[in-house]
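Structure provided below as structure tokens; questions to follow.
Chain lettering (A, B, C and D) follows the sequence in which the chains are written, and residue indices restart at 1 in each chain.
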Amino acid sequence: MIVPDKMTDHIEELALANRILAHEGVLDAFGHVSVRHPADPARYLLSRSRSPLLIEPDDVLEFALDSEPVRPPKVHLYAERVIHGCIYQARPDVMAVVHHHAPAVMPFCIAGKPIVPVFHLGAAVGEDIPFWDQHAEFGDTNLLVVKPEEGHSLARALGGHSAVLMNRHGATVVGGGLKELVSRAIFMCQNAEYQMKALMLGTPEPLHRGETRLAGSISLMPNVVNRTWEYWSMRVPSGGAASPRCRSAPARPRSGKRKRQR
Amino acid sequence: MIVPDKMTDHIEELALANRILAHEGVLDAFGHVSVRHPADPARYLLSRSRSPLLIEPDDVLEFALDSEPVRPPKVHLYAERVIHGCIYQARPDVMAVVHHHAPAVMPFCIAGKPIVPVFHLGAAVGEDIPFWDQHAEFGDTNLLVVKPEEGHSLARALGGHSAVLMNRHGATVVGGGLKELVSRAIFMCQNAEYQMKALMLGTPEPLHRGETRLAGSISLMPNVVNRTWEYWSMRVPSGGAASPRCRSAPARPRSGKRKRQR
Amino acid sequence: MIVPDKMTDHIEELALANRILAHEGVLDAFGHVSVRHPADPARYLLSRSRSPLLIEPDDVLEFALDSEPVRPPKVHLYAERVIHGCIYQARPDVMAVVHHHAPAVMPFCIAGKPIVPVFHLGAAVGEDIPFWDQHAEFGDTNLLVVKPEEGHSLARALGGHSAVLMNRHGATVVGGGLKELVSRAIFMCQNAEYQMKALMLGTPEPLHRGETRLAGSISLMPNVVNRTWEYWSMRVPSGGAASPRCRSAPARPRSGKRKRQR
Amino acid sequence: MIVPDKMTDHIEELALANRILAHEGVLDAFGHVSVRHPADPARYLLSRSRSPLLIEPDDVLEFALDSEPVRPPKVHLYAERVIHGCIYQARPDVMAVVHHHAPAVMPFCIAGKPIVPVFHLGAAVGEDIPFWDQHAEFGDTNLLVVKPEEGHSLARALGGHSAVLMNRHGATVVGGGLKELVSRAIFMCQNAEYQMKALMLGTPEPLHRGETRLAGSISLMPNVVNRTWEYWSMRVPSGGAASPRCRSAPARPRSGKRKRQR
């Protein structure tokens, strides 16, 4: 059993991870981060439908691995929850998942070109990132991953890898923990950006296989985890939604859930 | 008849839409957003001549569809009002219009290349965006759309589409409502940016026609409208002009209209 | 004779123009803006050596057209003052000058390619921007324009035009007034950025000559001057150096001039 | 002997240099700046393992030239300290060192293309920047420079130059003093960015050798040193970690060192 305080820590860390990834340009109005329930591997934690930069601990809900909420929700839910549930079903080693449309990866998703590790931190995504083409299997859709069979197909494409590109849509990245996930997602975006610019200068080669294997765990070194998490946390506007650049209240009162004051 | 409170809501939403589109990089010193009058389809609401980031509800005026102000104005007006009036005349289904020079679309307007939907949210602009060449019809002008015949020509080029590119000038986007318009304008800019970058990697194909039709309404899904409008609203500097990064007063007192205090 | 209040206005406007051009990305640690003395065409006003974003009215000094200070200075001066003096000598119609190294124009200065007007606001720089090659005339230098003969050569290259590119160094832009100059410098940078991106899509043609002539004066339209100056002024961090993102005092007290409090 | 006040000044300047280089986009979560001990050339000063934007004077520690800390540390240290120690051993003229992964240089490090001076301020890096290929000498590694033999190899590659590119990793830049180093690192990034963009327009030639020699010392001119240091200092968020955009405390209390209040 998880004591309440520990659970609160987990939920706060998930909210912070959402805000970090939004602030670092991985997430925008869209995208979502989940974490497997720390005490029950058959559940995961995910926010109600809200933009990641604004997510607070009270927004976090519990879901079963079929991506149905454990308690009947009074709020809107993300349409693409099956991405998370299907991956947690297929990959017992995965403890955290993010789905995003980061500008850095979109050109690769659109042009159908692979992202390969081209610098030491980019090795965090591993040697190969598979490419999932929803249209090839399901024909014309709205490109959202909504049906369980779509989620399972994506999870199969991911296989044992750390990330998967989604045709004309975005990417999904997984990790053995939330901090590992956050690092991997950020470094993958940097890698994509550098790879594209290096292509303007020449024909960049990926890291050697041995280098990728060795450099892939840099982001798990204790002095690195401490440094990056502190840095990214500090850069997030404080107090969730109430950042210096943000309005302190939405344009209209939301129904169904009261705005929390802090 | 519209009760005063409802009208106030409409005007506040229009001012906010201006500030959102300015903050998200669609509008800059230039560009303008209008909405059809909610009670009288033969009128529309548009700000006096002012940069969109600074627009407050008191700046909003009423115009007839010939783009003449309903009440004699004491302030400068936008020179290109006919863009709005002529489109409202030609398109009864259109409830909101934005004209802009977003950096993301300018390279396409200049190179004369089409923007096509290359990712799911980009489908919000539809399959085809027509290209209007003012010079082909009117010869040498200052490229502003000022005369009624220029406005009508632009509206004809727009036809039944959701957006039109304007040769060496910018774009005009329309919507069935203000929130739909804001989403479409932002997603069109993201699409243009991703399309350009994907061109550096290969030869990107547009979405399949069926995908464009299905994905075109993602931005109208309730959980998406709620999420995007809250997010974009929260990011806008609060209090209109008096943002943290802005001076609290212009360099010189403006004549003809006193600065409103809030 | 100019009454003191009017002179104060001129100096405040010059300080604001410096901060606007810094905030809009035309100037950075380097670059400088001058204005011809409103009462004495044989003098001009220019700041002491200071980065433009930090300039306050007390930093502004008077110079003769040989670019020597009217009163013995107790502060460091810009090394490249002759750019301003030599142009004011050669061009009686010029009332304001800015020299800058804006990132948008540098690729053109380095590759030796012309910037041409490719959108309506870009017409503010006119049809042709000459290219000055300091090395062709003076051989190896440190590329700064320091000697009177270098300044005169640059002024000759400028001729009757609105701007001149400087080989591997930057650009110099002139105007019939300070607000015209600010608009022209900003629109020229936007034009350069759009021209470069349009080159990635195709082979952009410049505006037709008649279009350039007609669109060249858009930025002088009263509703445009009001709108842009208000917008750019509002975006400048308030109080000069004491912006929200800036330290309220330099790292070390400066000698020779006390920090002004406001 | 150095009097305590002078030592305090040195340490504060080092902390500020870290924050400047982070704020100007040379450093991010990673990278580090050191300075040779002002009284003992056999020691150098470097922060504990922390992201540069957050570094405060209390984070600075003393190291011997073998990169071992002079006093047993209670905090995490940077893994790549040998970069600094080995260069101070090999280059008695070097008084300051920065290692970084700036986005502007990464495409060159990845594509294996040289950065050459293409504008006057870019001359601060000198005519040639050598390229160090860790893999050629050490085979598969995690690409971090951790072992003394790796540090010595890098120092040999640097030779008498001002900077060295590191294959798929980043760059290391040296200076005769901290302010010279900061200028050189910033101008080198600008040069790389302009060089890449100029390549999209044509085939940019480097400065003439005589120009590079003459322009290389612009950043040492007193009016330039004063101007740039004031500007960059003013732009840094005040109070170290407690910037307007930053949380006032890390997500979790750090063990081993108490948070300093200012």
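Simple rule for what comes next: a residue touches a chain if its C-beta (ideal position, glycine included) is under 8 Å from a C-beta of that chain, and two chains touch if they have at least 3 such contacts.
It should be emphasised that the depicted structure is a prediction, and the values quoted were computed from it without experimental measurement.
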item: Where chain B and chain C overlap in contact partners, by chain label; value: none
item: Euclidean distance of C-alpha centroids - chain A vs chain D, Å; value: 32
item: Intercentroid distance (Cα basis), chain C paired with chain A, Å; value: 45
item: Touching two or more other chains - residue numbers and ranges from chain D; value: 199-200, 244
item: Full enumeration of touching chain pairs; value: A-B, A-D, B-C, C-D
item: Residue numbers on chain D that touch chain A, as the complex places them; value: 28-30, 49-51, 53-54, 76-79, 101, 103, 106-113, 135, 139-144, 168-170, 196, 199-200, 241, 244-248, 250-251, 254
item: Complex contact set, residues of chain A against chain D; value: 12-13, 16, 118-121, 123, 190, 193-195, 197-204, 207-211, 213-215, 217-218, 221-224, 226-238, 243-244
